[in-house]
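Next come two complexes built around chain A: one with chain B, the other with chain C.
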Partner chain A sequence: MSALTALARVSAVSSGVAQRIATVRHVHLSDRPLVFIPLALAGEANAPLAALVGSSFDSPQLLVVLQPRNRDERFAFAARLAAVFLSYVDSFRGETETVPAGRNTDPRERYVDAPQILVPNGGGVGFVRLLGRSTRFRRTEGEYAVEPSVPLLGRWLTFFAERAEYPGSSLLLNMTGALGMHWATGQSAVEDANLAALVGWIDPPDGMTGADAALEAEDPLTWPPAGPATDPTFDNEILAPAIEAGSLSRLESALRRQLEPTWELMWRGVSLLRNLPPGARVERRWAEDRDAFTGYASYVDEGGYPQARRDGAVAAAQRLARLERAQVLYDAQRAYDDPLILAEYRLTGEAFAGTVTASAPDRIDDSGKRRVLRPRVTVSSSDPVRFEPGVSVVSPARPSQTGRVVSVSPLPSGFEVVLELSGGMGRGLTAPPGSVPEVGERLTYTTLTESYQAPAAFPAREETPWTHGGPPVEYVPDDDDAVEEWS
Partner chain B sequence: MSSVLPAVLSDLTSGSHRGVVVDSPPGAGKSTLVVNATAAMVSNGHLPLMIVAQTNEQVDDLIVRLVAALPAGVGVGRLSAQGYVAPSRIASHAQVTVGSKVADLGPVLIVIGTAAKWATLSEGTWPWAIVDEAYQMRSDMLLRIANRFDRALFVGDPGQLDPFSVVESERWTGLTWDPMQSAVAVLLRHNPDLPVHRLPVSWRLPCSAAPVVSQAFYPFSGFTSGTGEGDRRLGLSGAGAGGPLDAAVEMAADTGWALYELPARHTLRTDAEAAEACASLARRVLERGAVAYSEQARDGAPVTASRIAIGAAHRDQVAAIRSYLGDLDITVDTANRLQGREYDVTIVLHPLSGRRDATAFHLESGRLCVLTSRHRHACIVVARAGIPDLLDAHPSTEPVHLNVPVKFPDGWEANQAVMAHLDGHRVALS
Partner chain C sequence: MTSPERLRGAAAPKSHNARTIAALTTNPGCSRRAVMDAAGIDKERLAAYVGFPARFGQSQFAITRGNVFEAQLKADGCAELLRLLREVLGLPIPQVSYDDLESVDQLDARADRSRELLTRAAGGESGTLFDHPLLRLEVGGRWVYLEPDLIALQFGGTFYVVEIKSFAVIDGQADGTKVSAAATQAAVYVLALRRLLAEAGHDPGLVSHEVVLVCPENFSNRPVATLVDVRKKLSVLERQLARMARIDPILESLSPDLTFDLRPDSSGVPQRPVAELVDGLGQIDARYSPECLANCELAFFCRHEARGTTASLGKSVREELGGVPSVDLALSLASGAVAPADDQEEAAAMLRFAAQLRSECLS
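Up next is the complex of A and B:
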């Protein structure tokens, strides 16, 4: 926990209400998200018990499994979920836009919007991942055949679950995670994973403090758990007898009562997030999500294989490289969008803020082969500047311009930093007005960068070296794909 | 070490193994082994040879030592990123050519570069390779460079920090090629028959430290100190003013260890009192005119600022400590960056000092191992009281995963072992 978040938590305790730790919203929020609240049966590995699902507050659809231990019913549940889920996903496959050619890419089409799944918590994401895993390899003919929509659902669920690992993606969000990025409460991180308690802190009912609301949220009768795990007392006293009796109507009304409070919380969470202004770079990250969605939709259309059970050596290394790159970019983008997040970096010495005290906008560097424009500015800062000369820094106010630290010298209070600027000033030898910071301007400079980095090169799959087990055998789809080692 | 090198080379060149691993405890002569192995391979004609190190600094250090050890006329090619400016210690050698492409290096038979640079090559094969600091390299980096060589010698310290990632993902846990694992871990899981040699003697750690570090961090392989009782001595030429700082410095000079214990308190990571204590202790070592007597300097060498280092777990702690040092040119750095370096006296801000919890990061055995094994003479640990209690309250709770080999040493146990030893060297602030 960073110092600012710790401070926000302390002031949440003293003021009785959650404190904002972000000035803007860092996740994309769809106009028509699909809220999905799954429940699983205790004691079984990810056995679906019920789900409340829908893309508008007024029309939740309740799906219930009469006997969760019966595997046929489990896949019948998946088929009913697929009907809702796939038609929601398909509804975004309409209008496209053309993305012009990039540095290493051809022009391509991309859907103008994409589906967004909202689950209550991290466990919900895990449910999506495991349900995807248990359905995407199922056969649609022969023994134990399932509806054709079931394996297709499995592939889409897997797509969303894998995308949720990707830093900065908003295709599958968990509500406690999304709210926790923007508010700090006066309770522990474990308690924050309870959606009712978290929303209670952020938006306590009239006359109550956040702590009161969170305390009330601990009563599972008023606020049943947000799933996938259910309340053990409910399991014993209500669920077990209802399953035993085999009465669908009894089961439905019991499960609806368990799910509806969470349904309400989810939409309260949506409106809390909607009230925050979006960060400037959220739209850019959502465009990447739309790219991923478009790409996967056409891969499915072309008859591609379901996602592999596990990554091969090369695929794992490539995925890790992509995730790391995305993480660095996401950290930088959030800091650029949000002064409060940038302040955290000032505290850890990865950024400093100061006022320009001198500026030489027309300075030319003629030491190389070619004369180049390299203005210098002097910034005086009261932050403890911990940069060495030679380090490159960028100001979020001028993201296309890089400053190289020339010198750092101590002042009576604070430091004086001389920066040599390049980029963002056109191609000529005179800087256009406004392109070089002027005396008196207040700026923050940070080492966080969103600049382009060439993707790392990896050997081809069939050239996997001996140190990593050599080339893997070619994948051939097989009846045993769906078999788990322990099943 | 002379006994290990021939066995290593004969395993490597016998043709029955594609790789050989040499585990080296702190200061056991790993770099010397790499240099001597290179010299032997040159004289036996096992060329061309590629050498992989992890950072530019390591590459440059290695080149300096190689040039001194190799016969004149044996050229060394330094593969570097564009924009790399060779430091004068490299540029002054006519034997060394620097280039960003292999073609620019001319007809050299030894090419050396960082792993990251080697990974940018998409063609070319070297029959022989030496990978230095292989435990610091992540296995995905090895994947990117392994097609460049036929046979390789992997050298590294298994007790140091595992490589890390800015992302957290469990999806590869249990896979034999988990990219988050170290290069050697993955190499040995796929090639369990590869010979593994060990360097048995630490030349850096004094005899006061080798048994402690060996028992805590190398419980099964073990090593001894190359120097005996009385070979190393830290003298204090200046008088002290009394008080806890002096007591700690004197304790460290006498016994090789000191625990400077601040009153128990939960603090922010950048605990101002602890940071100030680290800086004050370093300053006091200088003020007391410490002199290091050792096999290298029998008549004593003054412990100057450049021979003292302060280590901490986090970068903001490093910055906080530095802010108390003023103009003093003492190295202050994180465990990651102190790996492979050596000083006469080190001062360590204990990773668990002032914490309310003991996370996996703070318990990682490699972190404490690096911090407590950089010194030739003495190590002073600065900590808030109560770490053993904190450890007792936070037993290891990391989940056990299927198909993941159990890793030794256990961080929790190693921390306990070190604290148990330090308990006898305590200087408590009342």
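Up next is the complex of A and C:
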């Protein structure tokens, strides 16, 4: 929570409708996402009860488990889900593009599009992760054999769930999270976890305030929970008798009624997000997602093992470091794409905006061995500038150019900052037109950087120190994994 | 000055259990809750009567699953549980005997019998499993009965509280909120058992600050036991219980004729005008935060009352707004419509800058 978001929340209270906290969309949104709303049976470890799934609003598919405690029925559910899910995933394995070689990479092929799974909330992501965990190690022959699609589904679900932890990835999104990134409501984060209430604040029905709509959304009779947990009263009064009666049609109609309102909300969420223009760097992150998708698809094709139950010490540390770097980069990218996010950094003194009042685009620094082009600009800002001389800053308007703070001096109101620029001006001793800010231009400078950071060095897998358990054995699923109870 | 009895009126005091006692620790700063709980007022009934019913339903599927799991562990004289405890606590095999205290009917008799057996065990050597002993704890000046799932005694004299829960531990990980709630409940039992031993002249330190949490493993019904350190929970709990024992200063500030008696008629239907009760609730300071929604039966009432406060949007919202308590004031300071008080200068400057940034970026 930043102060800007906090202010947006109080504004939402007084205006009666959610307030924007982003000027652009920061997630990728597929033209054909797969909306997946799972329900689990209360009290059990992720026992599927039902799901509504599909990639277009008009054709949701309802999957129901008649006896949620029956193991065979659970696997039958997984097989039916696999049919929908895997054919959706496969439909993106058509056209590829060639990505040219990079500094440390060979040229590679990449699918031009990738699947995108949308679930209602964080619990939905957890469901995907656990369903993946409970199916990916299953055997397709011998005792306890399951349909071949079941372990394959498990691996893909696990792939999506792991990707969801990666900052900036859009392969698996949860709707409350995605909406909450772009709008602040007049209620608390706890209440925002209710998708119906959140959408009620963002897009209240005619004649209602967001607060009214959210209050109404809390009634589980009108707006059943978006899962995976069900409403206890529904469980006791409707679900239990229907399971008892063993009537599929009765169960289906009861569960459909629980799921349909959320289905509608999910697609309303999709269109709310679609109405926002995408940020400039969204496409770049989606390309990374497409890379990850392409890589995993070929790993599966080559017969790679399912993901381990737990990472070894080195792999876990590597993963953590990777996530941290991705987070830093993602924060910077959003700020570069969106002046409202950048404004949060202005508020905390990590950025300032101002107008160029003087510019020396041809300034040469000849103090060193080589004469170099080092233009200077003076920026006058009314922000409270808190930078010391020597600090490096970048403006999102010219991301490849760095400014070194030469001096900061107070003005009657605000500050005057002198910056010395390098980079982004070609190789010569004259700056190409437009590469140096001109007098009158309004700019924001920040210490946030989206430049490449070298990954931390980790010992190779086989050199894992004994303090961290020594080299891990390759994770090969064994009999126990394959026959693990699911009761 | 009023009294807890007067506040409660003619209704029987609402009994506490480990779950409700554990819930006390979630908003220790709230006087309203402290008074209600100390007086044994039925908050759930009160909330429903004044038009803000709580929603703490439990699914029968969850209840069934919990019962089945516990029964499975305790079948054949706790055979399965013993195997687990031997592993995790190193209980020696021959010494374990088993006392089922649930069979004793009368509450008091059961509590007495439990005390007798537990204190005797504290002096002796024998390893024993106590099933459903009944403990007592003083809460807000009244004794409440508590029923742990089990207390195990290790060879060598340390007592361990065993808590059985039916949420799954998957690949060594479980839902953090659930683990924390289970640990708080177990801490209530640890505290009650320590006090029981202390009263009988034994060292309360005989009760371990580690509790044994038994849960199903992965997706199976196979149990797995984990030791959980509850020291932090214990200190929070003790602080809150001490606070409830000292509610006199709060009571002193209340009007002597304040009562939450619902005045049921002869068929038990409350007759008390709702407005009087609402007014009464308003006389006791609350400290609503969104966390109340998961923990207190009065949450919807208090939320309604707290509309327009920044705290009702979350503690972090209030903090980010520089501690400004109301939505209107925050907006007025941000727009400059209101001049800040001396201690609000800094917050106001920040709010004005924030408002300027928002309008600059959104125009």
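Note that in this section the second predicted complex is superposed on the first by the 477 of 487 C-alpha atoms of A that agree within 3 Å, B and C clash if a C-alpha of one lies under 4 Å from a C-alpha of the other, contacts with A are read in each partner's own complex, and residues count from 1 in each chain.
One rule holds for everything that comes next: contacts are C-beta pairs under 8 Å (C-beta built on N, C-alpha and C of every residue); 3 or more make two chains touch, one makes a residue touch a chain.
This structure is a prediction, so every number in the text was calculated from the model and none was measured.
J.: Does the superposition put A:V328 against chain B (first), chain C (second), both, or neither?
T.: Touch partner of A:V328: chain B, not chain C.
J.: Let me test your reading of the model: by the given contact rule, A:L347 touches which partner, first (chain B), second (chain C), both or neither?
T.: Both chain B and chain C are touched by A:L347.
J.: Thinking of the overlay built on chain A, is A:V13 touched by chain B (first), by chain C (second), by both, or by neither?
T.: second
J.: For A:E283, decide between first (touching chain B), second (touching chain C), both and neither.
T.: So A:E283 meets neither chain B nor chain C here.
J.: Which chain, chain B or chain C, ends up touching more residues of chain A in the combined arrangement?
T.: C
J.: Have a look at where A:D362 lands relative to chain B and chain C in the superposition and call it first, second, both or neither.
T.: Touch partners of A:D362: none, neither chain B nor chain C.
J.: Would you check which partner chain A:L320 touches, where first means chain B only, second means chain C only, and both and neither mean what they say?
T.: After superposition on chain A, A:L320 lies in contact with chain B alone.
J.: Once chain A of both complexes is superposed, is A:E97 in touch with chain B (first), chain C (second), both, or neither?
T.: It touches nothing on chain B or chain C.
J.: Tell me the contact category for A:E438 with respect to chain B and chain C: first, second, both or neither.
T.: Touch status of A:E438: no partner.
J.: With the two structures laid over each other on chain A, which partner does A:P167 touch: chain B (first), chain C (second), both, or neither?
T.: A:P167 contacts chain B only, not chain C.
J.: Which chain A residues contact chain B in one complex and chain C in the other?
T.: On chain A, the overlap between the chain B and chain C contacts is residues 3, 6, 310, 347, 384.
J.: Using the touch rule from the top, collect the residues of chain B that touch chain A in their complex.
T.: Touch residues, chain B against chain A: 18-19, 119-120, 122, 139-140, 142-144, 146-147, 165-167, 169, 171-172, 175-180, 183, 186-187, 190-191, 268-270, 315-316, 319, 322-323.
J.: Touching chain B in the complex: which residues of chain A?
T.: Touching chain B from chain A are residues 3, 6, 165, 167, 310-314, 316-317, 320-321, 323-324, 327-328, 347-349, 384, 386, 456-459, 463-470.
J.: Within their complex, state which residues of chain A touch chain C.
T.: 1-11, 13-14, 20, 23, 41-46, 130, 133-134, 186-191, 220, 230-233, 235-236, 239-240, 309-310, 339-340, 343, 346-347, 383-384, 484-487
J.: Spell out the part of chain C that touches chain A in their complex, as residue ranges.
T.: 55, 57-66, 166-168, 170-172, 216, 218-222, 290-291, 293-294, 308, 310, 312-314, 316-317, 320-321, 327-328, 330-331, 334, 350-351, 353-355, 357-358, 360-362
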